[in-house]
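In what comes next, subunit A is part of two complexes: it sits with subunit B in the first one and with subunit C in the second one.
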Partner chain A sequence: MRNIETEVLVIGGGATGTGCARDLALRGIRCVLVEKGDLTHGTTGRYHGLLHSGGRYVTKDPQSATECARENAILRRIMPHCLEDTAGFFVITPWDDPEYGDLFAANCLKTGVPAQELTLAEMLRREPALNPQISRVFEVQDGSADSFLATHATAQAAREYGAQILTYHNIIGLVREGDRVTGAVLEDLRSGERVQVRCAYVLNAAGAWAGKIAALAGLTVTVVPGKGTMVAMNHRMINTVVNRCKLPADGDILVPIHTVAVIGTTDVHVPDPDTFDITPEEIQLMLAEGEKLVPGFSQYRALRAWAGVRPLYKDVDGASDRDLPRTYKLLDHATRDGVQGMLSIVGGKWTTYRLMAEEAVNEVARYLGNTKPCRTAEEVLPVPVTAQRSPAPPLAGSAMRYPRHEPAAPDGPRLNGVRAPIGPQPIYGLDAGFYYLGQHLADVEREHAQDELICECELVTRERVLAALASGAANLDDIRRDVRMGMGPCQGGWCIYRTAALLFEQRVADGVSSANTNAALLHFLQERWKGLRPVLWGDQLRQARLDEQIYVGLLGVHRLQAIAEPGGGLVTDDSR
Partner chain B sequence: MDHRELALTQALDHCIKCNLCTSACPVVAVTDQFPGPKYVGPQAERFRRAGQPVPDASVDYCSGCRVCNQVCPTGVPIAELNARARGAMVAERGLPFRNWIIARADLVGGLSAGPQAPLVNLGLKMAPARWVIEQLLGIHHQAPLPMASTYRFRSWFKRHQAAQPATKGQVVYFHGCATNYYEPHVGQAAVAVLEHNGFEVILAEQNCCGLPLISNGDFKGATSAHAANVRKLLPYVRRGMPIVGTSTSCTLTLKEEAPEILGLHDEAVRAVAAGTYDIFEFLRQLAERGELKTDFRPMPRRLPYHPPCQYRAHRLGKPAMDVLALVPGLQLDESHADCCGIAGTYGLKREKYQIAQDVGQSLFEFVRRAGADLVLCDSETCRWQITHATGVPSQHPIEVLAAAYGLRR
Partner chain C sequence: MAYDTIVLGAGLAGMLAALGRSERGERVLVLAKGHGATHWAAGCIDLFGAATNPLAAVRDLAATQPTHPYALVGVTALEQGLARLRAACEAVGYPLVGSAERSLLLPTAVGALRPTSLVPATMVAGESRQLGDGRPTLIAGLRELRDFFPPLIAANLRAQGFTAEGVYLDLPPSTRHGAFSPMNFARLFEQPAFREQIGRQLADLVRRGGYARVGLPGCLGLHQATTVVRDLQTQSGALIFEIPTLPVSVPGARLFHALEQALVRAGGQMQIGAWVRRGEVQTEQLVAVYSEAAAREQRHTAQRWVLATGGIAGGGLRAEPTGEVRETALGLPVQVSAAQSAWLAQRFLADAGHPIFRAGVATDRDLRPLDAAGRVVYANVAVVGAAIAGFDPLREGCLEGVAVATGFAAGQH
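Take a look at the complex of A and B:
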């Protein structure tokens, strides 16, 4: 039994939890973050990667819209390396109410969401794959975000300021002394060791799992896990985030992120955030809706499908999940339930994670008597070692064709109706150090590292896999989240065994049991398979058959089960 | 988006990363400069974004031989993806002067051919001159540059009169730059064979097919070259006259390269494409209908033959072998080599000369081992490469066919 003394225990290693840890650390408050899996193991690592402009919420949830617009500008400043400045379109297709365009524009103005109307010719020039029957288009400041990288960068910042991050630690119980929460009992999933945490305050940032955590303290928090299914398509047929200009519904967003385009999402109430399935109907719906945005969409190759669970908070009984507020809620259990020393953060969305953390930590700081101001909006996040960076290539020729995305002027957003000049201006993204699609290709090219690739599809070099291992990746899935290994078209067909070899070597070098590399390999293959199953037709079926030939036919991986050793510091059990 | 364009855009989705193309690629086998067809093709394409700086340059080492297309089990048009990627790179970074000039076969040929040809040829044979060219232009001093002709094919044709009246109608002959400026004898053989078979040969106005422009990434230049050819050839096509060419690369460009790679899909382009034939494709069709004259003289020879890479894209099999098989006594030994390495202008370039020589090694050995005094190949730049590397003289198969008919001048 280990003992840890700290001021604040943060539960949940997603965007919100790590955001809270960083905020606490920046204010000089000692904290420990506990996460039962890897960072971003929950909802943060399973979302489509949209950096919201706020446009999606201008009508139904204006407060969310305003928050998104503000946070969007802040995130662009503090984590450009985690974001791609794709810009976003809101398009009115023949299936949408044409009347909504004017309302949308008016509400953008009201909520402070910068937007401008584009000509259809300009839209098609920039995105030739879009449906030519689209009747109106508005441009907004959407972007795409690498939520793995952003969370790692946030955690790294927190650590640099003294926070302790414990991944693969499960909460077994919260310790309550009378009407006060005073600590927790954890299990280190790598060693099986128990850890006793004593703290002055518990910050429950477990997202969709917040209800389960609250229950450990005998409290009732009703979080409605809203399952959102997404399909990643093999390549980016569009390079701008495309939203349907209508009230939010299923399958109405197409997000270009890294090398893929993700269509999302559904919204289905599920009783348990750990147990859900993806139905063929959901996939069909996604493809059919995608077809409305990009004709021929369903003939593009679907790479993978997965689902995340939204942490929607249920105050009262809503009609449907979409009508539940996207805005987050802070539940101070002292005022709500008469239990001191615990706060639950529920609801919210990735784009506003920093704001949620700020407000939650404000409460905690007040409780602890800390008066230092929040600095998370000012300090730029560090670049994790796994995120290789190259200087942006020089702007040249045809590159000079995207309009600059000016931050919203203090007196209000730019307006639709006022046609902003669209001409040869530099790409904001490359100027400001944003991630850009060609980054890894440029890196490999510059380093002549083509023969050093472990994951060919996502251009992951041996060096980057080793960096992920060195920074504590506990299984192949962790390496995937760090460097995108196995996330490309072949879904690990060629890189899983290579990465497993590196993992094995690392463990031999570390002098720990290496036989469990087999378990890690089997676990990861199953993880990939899970996402492939819903999209097994056409090209991806061909791919899956080839992968099966490699692993089962050639390598006989099914016979590995007998000699696969669990444990040894590699956590590969998903039933936790 | 046009459905053909959509199909090409979606084509990269078919890649299952099997790397068969990488294993089969003749360029990968000899250099580290080229990371392979899968790498620069369907793989890198996922990282390229129109409107942003092109992140990579190694796609320029693709020679366009299409071995990748042929071995791909899922039908990814890798060579086409690569050609387009190179085009995007050139559109952004500009065309180096060397590539600009080397791609202008019309211009260079026009300046070289004529009474001044002996002087030009002498200059190109002198080491100091070639050294200067290499330093100034980046064309390798040993590169197999063709020898200019003292007269143009077109001026010969103006004075030419058919030996017999036509009985079977008219065909349009597409001679291409090589025949016009360097090898009029190939055109003369083609005209002789066509006329011997009862056709009237029409010499339509024409210009460079644009293939060197495409393979150097100058899509703007290539698009206008193709538009001009379509304009000049369309009236003949409309009258039902076939367009027949002796250069496998020119005919391929008219049939497929220009429409597909440049994204030109209008009705006129399609009509010209459908009306264009490789000369041996045309002759084989005659033979299949029993209309090809077979009054051959026995030719007891055994000759090495290399089917050029373009036939892979023509998807015609080996029509020259099929037709020459009709000549009594003539036996062709097929090279079974992937590529001679030259790939048009590729192997002329300073940085690619050695790659091209290395790629062609197995072919060159085959030719040397054959021990014949002549090697046959349908493509002009391949012939120049083979002769340069082996010292064995080369001919277009049509020249041998003309000789078999006894039509040699």
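Take a look at the complex of A and C:
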């Protein structure tokens, strides 16, 4: 039994939890973050990667829209290396209400979401694959975000300021002394060791799992896990985020991110955030909706499908999930339940994670008597070693390619006494260095590393795999989240084998045996298969058969089952 | 040019069919989009998975699974096809060893033991009975080759009770940088200076470690593999064996080359890069096919046809999102035994495999394609290899065996 004393225990290693840890650490508050899997193991690592402009919410949820617009500008400043400045379109297709265009434009103005109508000729010049029957288009400041990298960068900043981050630690129980939460009992999933944490405050940032955590303290928090299914296509048929200009619905966003385009999402209530399936109907719906934006969409090659569970908080019994508020809620269990020393953060979305963390930590700081101001909107995040890059990108997002128009509304409404960001914002990318699509290729060419590629699809070099291992990646799935190994068209045909062998070679000194490596390899193959199964036809089915030929026919990995056993922290049971 | 027979597809099945017909005096053309499954398989001849006596197991199929392609063509076609293939390999100085009546177990690039039946002489010293003779084995590779990891292979061999160690060799300094693919290493090993440098390192390791044999990546030469292995054995003082690496498969390419040589000698012609997209039919006979190459369509005519375009992996079959499975060259009826919802098992490594990969064209005993009612579609077409319905070449461990048996059969009658 290990013992840990700290001021604040943060539960959850997603965007919100790591954001809280960083904010606490920057204010000089000691904290420990605990996550049952790897960082981003939950919903953060399972979303489409959209950096919201706010446009999606201007009508339905104006407060969310305004928060998104403000946070969007902040994130561009503090984590450009985690963002691609794709810009975004809201398009009215023949299936959408043409009247909504004017309302959308007016509501963008009201909520402070920068938006600009473009001519259809301009739209087609920039995105020739879009449906020529689109009748109106507005440009907004959407982008795409690498939520894995952003969370690692946030965690690294938190560590640099003294936060302790424990991944693969499961919460077994929260300790309550009377009407006060005073700590937690954890299990180190790698060693099986128990860890006793004593703390002054518990910050429950477990997202879709927040209800399960609250229950450990005898509290009731009703989080409705809303399953969102996404499909990644092997091709960036568009380089701009494309949204349907209508009230939010299923399959209405197309996000170009890294080497793929992701279409999302559905929204289906599921009883348990740990158990859900993807149905063929959901996939068909995504492809059919994609056709409306990009004719021929369903003929592109679908690479994989996956689902994340939104942490939607249910105040009252509502109708359909999409009508639940997107805006997050801070549940102070002292005022709500009469239990001191615990706060649950529920709801929210990735784009506003920093703001959620700021407001939650404000509460905690007040409780602890800490008066230092929040600095998370000012300090730029570090660049993790797995994201090394060329010093001078040749271009940065759409800014370089498509110079912006002049501001449309010089004097817009005010938000909290500050002029709302109407019209074009300063482009930080040229100075700050946004991620751009050719970045990894430029690195490979600069380093002459063509012969060092472990994952050819995603241009992952041996050096980056080793950097991921050195920075604490415990298993193949961790490495995937760090460097995107295995996420391209071949879905790991070559690189799963190579990475498993490198993992073995690096960790053999720590006592990892080949039996542990075999278990990790078999486990990861099955994880990839889960994402492939819903989209296997055409070329991707052919690819899957080639991968089966490699792993079953050529390597005979199924014959390793007799000499495969979990161990060395390489595979943990994530169903717990 | 008017051909007697045109073969669509250049894998083992297509090449053996083309060879058989050329040797019977026909004018033969092989039309193929690209290389066949040879180039992504191990370069061994798998007959029937782990059956102790594959030939006996094939014989039994006639009673238990009469529509299995082995049962359709019979065990004699398999034996004669194997003999023809062995002769073709022998002729280019690349002998296959082993027997159809027993299985061999050879180490893979993760150190698992894989059952097969006929293997190139360059691999046989790694057979499990030899590995288990108590004398130590060295697995050696080069870091520059990204598809071969000696420490993991050796560790897994040790976990199965063998004495093995893994080591990386130094890349000979004279080697230019770039393009360290298995195929390029094969070319490097054909340079005497390169293999001498490797041999010297091996000799040193063998002297110090007392290794009886050394396993190296399966890229020891493309056309001179036997010479490369012999030289390395002489120099190192240990037996040398190859372990197949990830695609592109150098040992598989050698099998293709052996058959290509035999076909050219027999007067057959080949056109690789021609993708057959459709056929032309007159009164239930296929009279022509149309291929695409260099953005041009070309019409080819022949009296008889062999369809050897492979299964889903080979591109001979294609599954649509709607659940339809097409035969891609001629549009033949495809037999799919499972509904779309049951195409794929929950587990990737499910023992029974995935039902979709048993899809194919049903045939009669002359390998002529049948429709759903069991009627012959085109009397002058034979279907061979993985395009045939009702078996999973990968999970049954009979990819090469069925290709050889059906390809040979289509080359005879």
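Structure notes:
The rule is short, and it goes like this: the second predicted complex is superposed on the first by the 530 of 576 C-alpha atoms of A that agree within 3 Å, B and C clash if a C-alpha of one lies under 4 Å from a C-alpha of the other, contacts with A are read in each partner's own complex, and residues count from 1 in each chain.
Assume contacts are C-beta pairs under 8 Å (C-beta built on N, C-alpha and C of every residue); 3 or more make two chains touch, one makes a residue touch a chain.
Predicted model, so just to flag it, every value in this text is computed and none were measured.
Look at A:241: by the touch rule set out above, it reaches neither subunit B nor subunit C. When the two structures are aligned on the shared chain, A:514 is found in touch with subunit C, with no touch to subunit B.
In the superposed model, A:153 lies in contact with neither subunit B nor subunit C.
In the overlay built on the shared chain, the residue A:126 is in contact with subunit B alone; subunit C does not reach it.
After overlaying the two complexes on the shared chain, residue contacts for A:450 are found with subunit B and with subunit C alike.
In the superposition on chain A, A:542 contacts both subunit B and subunit C. Of the two partner chains placed around the shared chain by superposition, subunit C is the only one that A:522 touches, whereas subunit B remains out of contact. Once the two complexes are overlaid on the shared chain, A:440 sits against subunit B while remaining clear of subunit C. In the superposition on chain A, the residues of subunit A contacted by subunit B and by subunit C overlap at 448, 450-451, 494, 542, 546. Interface of subunit B with subunit A (complex): residues 1, 3, 6, 9-10, 12-19, 32, 35-36, 38-39, 43-58, 74, 91-94. Touching subunit B in their complex are the following residues of subunit A: 126, 128-129, 234-237, 239, 259, 295-296, 299-301, 393-399, 401-402, 427, 430, 436-442, 445, 448, 450-451, 456-457, 459, 488-490, 493-494, 539, 542-543, 546. On subunit C, the positions that touch subunit A within their shared complex are 37, 40-42, 108-114, 144, 146-147, 149, 151-152, 155-156, 158-160, 177-180, 244, 246-247, 249, 311-313, 315, 318-321, 340-341, 343-344, 346-349, 351, 354, 356-357, 394-395, 399. Subunit A makes touch with subunit C in their complex at residues 280, 284, 287, 298, 448, 450-454, 462, 494, 497-498, 500-502, 504-505, 508, 513-515, 517-518, 521-522, 525-526, 528-529, 533, 536-538, 541-542, 545-546, 548-561, 563.
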